[in-house]
Amino acid sequence: MLSFDIHLERSGFTLSVNEQLQLVDITGIMGPSGCGKTTLLRCLAGLEKIPGSSIQFRDVIWQRERQYLPADQRQVGYIFQDGRLFPHLNVRDNLTYGVKRRHPSSNHLTPDEVIDWLDIEALLARPVQSLSGGQRQRVAIGRALLRSPQLLMMDEPMAALDWAAKVRIIPRLRELNRRFHLPVLFVSHDREEMARLADDMLLMSNGQIADKGAVHWLLSQAQGLLADDHALSVLDGTVRKVGDYGVSELDVDGCEIVVDQDDLEPGQKVRVVVQAADISIALDDVQRISIQNRLRTTLEDIQELDDKHCLLQLRLKEQVLLALITQRARHKLALNTGMIVYAHFKAARLEVQ
Amino acid sequence: QTVSADVLRVAVASNFRPVVQELADSFSRQTGHRVTLSSASSGVLYNQIVHGAPFDVFLSADSERPAMLEKEGKLVGKPQTYAYGRLVFWQPLNAKPDYQTITEWRGRIAIANPETAPYGLAAKQVLEHFHLWGDSRIQLLQGANIQQAWQFVATGNVRAGFVALAQLRADKIDSGYLLLRDELYTPIRQDAAVIAGSKNQPLAEQFVRFLLDNAQQAFIQDAGYYPVRDVQPTRDAQPVVEPNAGSESKIESTYTQVYKG
Amino acid sequence: MTEQVWQALIITLQLAGVTTAILMVLGLPLAWKLSSMTSRVRPALEALVALPMVLPPTVLGFYLLVAFSPNSLPGQLWQDITGSTLAFSFSGLVLASVFYSLPFVVQPLQRAFEQLDRGLLEAAATLGASPLDRFFSIVLPQTFRPLLLAASLGFAHTVGEFGVVLMIGGNIPGETQVLSIALYDAVETQDFASAHLIAGGLIGFALVLLTALYTLDRRPSRKKEAH
Amino acid sequence: MLSFDIHLERSGFTLSVNEQLQLVDITGIMGPSGCGKTTLLRCLAGLEKIPGSSIQFRDVIWQRERQYLPADQRQVGYIFQDGRLFPHLNVRDNLTYGVKRRHPSSNHLTPDEVIDWLDIEALLARPVQSLSGGQRQRVAIGRALLRSPQLLMMDEPMAALDWAAKVRIIPRLRELNRRFHLPVLFVSHDREEMARLADDMLLMSNGQIADKGAVHWLLSQAQGLLADDHALSVLDGTVRKVGDYGVSELDVDGCEIVVDQDDLEPGQKVRVVVQAADISIALDDVQRISIQNRLRTTLEDIQELDDKHCLLQLRLKEQVLLALITQRARHKLALNTGMIVYAHFKAARLEVQ
Amino acid sequence: MTEQVWQALIITLQLAGVTTAILMVLGLPLAWKLSSMTSRVRPALEALVALPMVLPPTVLGFYLLVAFSPNSLPGQLWQDITGSTLAFSFSGLVLASVFYSLPFVVQPLQRAFEQLDRGLLEAAATLGASPLDRFFSIVLPQTFRPLLLAASLGFAHTVGEFGVVLMIGGNIPGETQVLSIALYDAVETQDFASAHLIAGGLIGFALVLLTALYTLDRRPSRKKEAH
């Protein structure tokens, strides 16, 4: 639980946010460049002077009136947008800087674990000046994690990483969050990263919080701030069967969805991310097609995004799926609300809950 | 403080230090007391004594500072003259400079600062006597003290200057200078005094008396000063080399009488 | 003479060592404070620290002498507390040297602290380092070279200084006579053999010391490199 | 034309490359973190000492034996991975730093143009310390462009940018390349960025050039270094008709492809990027389906990626399309080489040539 | 007295001004060269530059006097070229001051140059700036504060220095008599009224000058800020 009421004036920019976050899971923050994401994190971490504002984390008052808990006592881990490795220390000493200073009772990740999954074993003795961009960023992530924080703040932590590294790191961050009940605040411009990592989300704009909610819901909003060709849906489901061909079948609102992953347990809760643009609509129940996921849905709503596209809202039972199609297709198929349509999408990307 | 009982601290004007060094050694041998020498310019020593420097004896290069100290009650007894300085005109590259050399001098000439150094004042008086003071044909280069005036000449940066006879004696220089007639300048009286705060007052007084002994005075005379008492003629009663010995010795005899009086 | 020179050498090293140590202890927090001050009085304070530089050492020494004399308040206080006079004692020398060399230590330190990347301090704070901890674990190692410079400036200046020391110390052999004064004495008394010896020794010593220092300083550079 | 033969030894890393690049278009460089991308650019720009190596750009020798042309005379524009704005200058002065120093005969972009499309008008008088991460990166891009270089090198220039900014900037960079015949070397971890921006590509690995070729071809290789779920195809086509609903029809090897863009001219050459994972296969010519692009193709090759996926190589006439499907689907449909199949994909992303 | 004091003040300012200018012109390239040198001789060179600091000024002055004498090679050369001796001339004073104050200028500059982010120089190079251009457009503005420090150290030191000046200058009123000597003389002759006046004036002047300088220096900070 993190509640804050922050007002910060700068020449030409005002941050004004008043929120209460449950913060059990991973909370994402998105918004256009310069909207105040970094500034918000800095305020929360205690790196900005914000007289008159108040912040409370769990039952500790971080700031109120005269009371001010300095940054080093807030037990946050912060991954800076610009790295900030200590140039006078080598990689190992950068990593362990926080270890020596962490609260003795905090939950511990061991350096070996972190070094292993960030794949920086070979760099340990190196001076940080000799690291490549991606190597630096991995060390910065490791340093913040090893500090064993009560709250982890990450400001675009994976911008310089290649996809292989991201794929390694994201599941570990989720695991960390679950294992140590470590809440995470996570800034990113990458929707895919956001959908894979975050549970809740804040949408910022012009120094204010424009919207907040579950990642499922917010990312699948096609309007407003995120209006581009990247709307997506997040579906919750349960593993039904771990089958042949290394794929698994899920139960999502009673429908079957196939995902190409086989390291699952029947009964496990999972989350499926489907890009609205990945979905196509068929009026018939076509069979001889490679698409495995053909969900029978009711077309609930048609939203015209522009003169080319429209976004369809498709209802399963409880959950909703978004599909982005062209106006041309809509008219060719003569789509109308209330129709039964088949939502086609290929074996989807999946994050284990 | 326990040690200070048998250590005599002598504050001595820099230019007299080489002389007193040897005298102090023989004093130590005679009395068994150690003597330490602290040297600086008389002005600095004066300031230090005024502000409580732990000296026992003050050997000034002038008579004014001891007199001022006496007036301020910083002394025990009266200051006593222990030597008179002697001024020379030194032109190393000229074997026999004479008064004409001075009167016809053009260009640079080194002196000590007349405002701070007694030898400087004496040099000024000499120049005034020859109406050269303020003469634009002569450029005065002032050392802060007589030592610097000497260095200016000794390093070859200035061709001539007014320095102390003692400096030339210390360097065993026996030509290239003119020993100036005593009446050309006010005697350069150097006074000794016992400091009021001294913890070794008897020893300090003993040291001053020691300086005034004939033997020591002879040594001082050898070093290029006038003694304050009649001394046994030593090897220097008639200086071995005096460029213009004739006139000089005559003047010397009259003046020594004045001093004795 | 030689024994006296040895004594002077030892006193010089003691004086320079103690002074440098005190200078660092005083100078570090002072420079840090100054570097992070935003108040209007900062320029005035900076000017005050720089002041001893513009006064000729002997003159500075004279005014310190006046201040240290038992007739003045500070000198009086010192005497009441320690039972001995401040002027003409080793403590007095140290105090005067500290005062005189302070700008040579504070100014390079202050500039170094100002050049420091504050972002690194923020990073350290989020990693749990308290302000003092940050100072020791980030600021000092980051400013290692300027620190060395400040210390060596302070040291060298104390060794070479002599106007103040002469005035305050009284040139007492075995107590307050330092090498520079012994050297001065030698030159003054035309004892050039000794003078050349001491000067040569000082120069040789300084050369060796400084070269060693700077060689040490050339460990793999830790400055921000082009990456 | 840029040819280089570079050998650089570092503790634990050796860069050893010998290549000749045509460099008329935009050349992308990809490869895992630490493989030497930045180091290669630095060598080319003249920022590393590399005795014994040789570099020639067009008819100017940049380095050979004793000859060495210093960086400031190579007329390159370099966008650094870490920004490197001058802290003592404000945004405007950072931007114009290179303007004052550029070769008088070079082709000029005007500051106004650049400021406009980087959307940094409002920041001009600001000190650079007060910029957000994305704002900095845009200024760095502008600074390098305004220097009017003969060769532009960009090291992950868009890592901190939101998608909206990327979408603004990428077409401009391509336009720049065409308008001023300005060759570009472009490092990125993002395939989508790469596919949209680059024409040719170098694949690096461990300090060596592992592969090189057209982006079409290299990105659609599913093996080797890029083996992940991101294979894609790049098709060249011609605009046939700019039609209703704001979409246009293209001719790609005689087949019709629909793209959701209408600012095209009939006859224009365009490029279409299709993700292999976006394609599905139907055995019948299904009609009542929202998918607009249903290309009749011959299944030429089936490549098993792992026990879950396989990559199909589908031939149009001349060009090849890659499709990523599950093994399960492959077996359900009983696919075999030589079969006629319909490749389905939604209105595709398109870059104008 | 007063006219002489005025003259001394003017000469002091001239001397300090000219010396500082020369020091900057010499010190900037020297410090730059030293800061980017990787050769083994660097520590030795650094030590050499630092050397004048450890010698007492009067002693340094004495040796300079020896060097400037027409009997020695440098003095000889100077005399052959200019027709006048180096010692006791304003040029000689400047030369001596430059020599003496060099370390106070070179060392802070060198440290500042070492702290510089080389990445910015690379960026400037890719933007077409030649080495000289980079020095003026990047290095100097980036090291503005240390530069100011170096210049003010050089200036202050030249004003306050007096052992060397005393020795080399010959205290010629209107030519080589600087303020510090006048002040020294006043203290020496127990003319405390004048001494207090001059010292007060010097201090006041320095305070005003330095405060002004440091206030100027507080323009919106350009150091790398936490972002």
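Lettered A, B, C, D and E in written order, each chain numbered from 1.
By definition in this document, a residue touches a chain if its C-beta (ideal position, glycine included) is under 8 Å from a C-beta of that chain, and two chains touch if they have at least 3 such contacts.
The model shown is predicted, which means the values in this text are computed figures rather than measured ones.
Chemist: Which other chains touch chain C while also touching chain D?
Modeler: Looking at chain D and chain C together, the chains touching each of them are A, E.
Chemist: As a test of understanding: of all chains, whose mean C-alpha position lies farthest from that of chain D?
Modeler: B
Chemist: Give the label of the chain whose average Cα location is farthest from that of chain E.
Modeler: Farthest chain from chain E, going by C-alpha centroids: A.
Chemist: Provide the C-alpha centroid distance between chain B and chain E, rounded to the nearest whole angstrom.
Modeler: Whole-Å distance between the two chain centres: 37.
Chemist: Taking each chain's centre as the mean position of its Cα atoms, how many Å separate chain A from chain D?
Modeler: From the centre of chain A to the centre of chain D is 26 Å.
Chemist: Taking the mean of the C-alpha atoms as each chain's centre, how many Å separate chain A from chain E?
Modeler: Roughly 59 Å separates the two chain centres.
Chemist: Would you mind pulling out the distance in Å between where the CA atoms of chain A average out and where those of chain C do?
Modeler: Distance between chain centres, rounded to whole Å: 56 Å.
Chemist: Can you tell me which residues of chain E touch two or more of the remaining chains?
Modeler: 62, 119, 122, 181, 184, 187, 223-227
Chemist: Show the residues in chain A shared as contacts by 2 or more other chains, in ascending order.
Modeler: 38, 47, 82, 130-131
Chemist: Tell me, which residues of chain B touch at least two other chains?
Modeler: Chain B, residues with two or more chain partners: 44, 47, 151.
Chemist: Please name which positions on chain C make contact with chain B in the complex.
Modeler: Going by the criterion above, the answer is residues 58, 62, 65-66, 68-71, 75, 85, 87-88, 166-167, 170-174, 177, 185, 187-191.
Chemist: In their complex, what parts of chain E are in touch with chain D?
Modeler: Those in contact with chain D are residues 119-120, 122-131, 133-134, 137-138, 141-142, 144, 220, 222-225, 227.
Chemist: What does chain E use to touch chain C in their complex?
Modeler: Residues 42-44, 46-48, 50-59, 62-63, 103-104, 107-108, 111-112, 114-119, 121-122, 145-146, 149, 152-153, 156-157, 159-163, 180-181, 183-184, 187, 195, 199, 202-203, 206-207, 209-215, 217-218, 221, 223-227 of chain E touch chain C in their complex.
Chemist: What residues of chain B sit close enough to touch chain C in their complex?
Modeler: Chain B residues touching chain C: 9, 11, 14-15, 17-18, 21, 36-40, 44, 47-48, 50-55, 147, 150-151, 167, 170-171.
Chemist: Would you pull the chain D residues touching chain A in the complex into a rising list?
Modeler: Contact set of chain D toward chain A: 10-12, 32-34, 37-38, 81-82, 122, 126, 130-135, 138, 155-156, 159-165, 167, 189, 191, 228, 230, 243-247, 258, 260, 262, 277-278, 280-284, 286, 288-292, 306-309, 323, 325-333, 344, 346-347.
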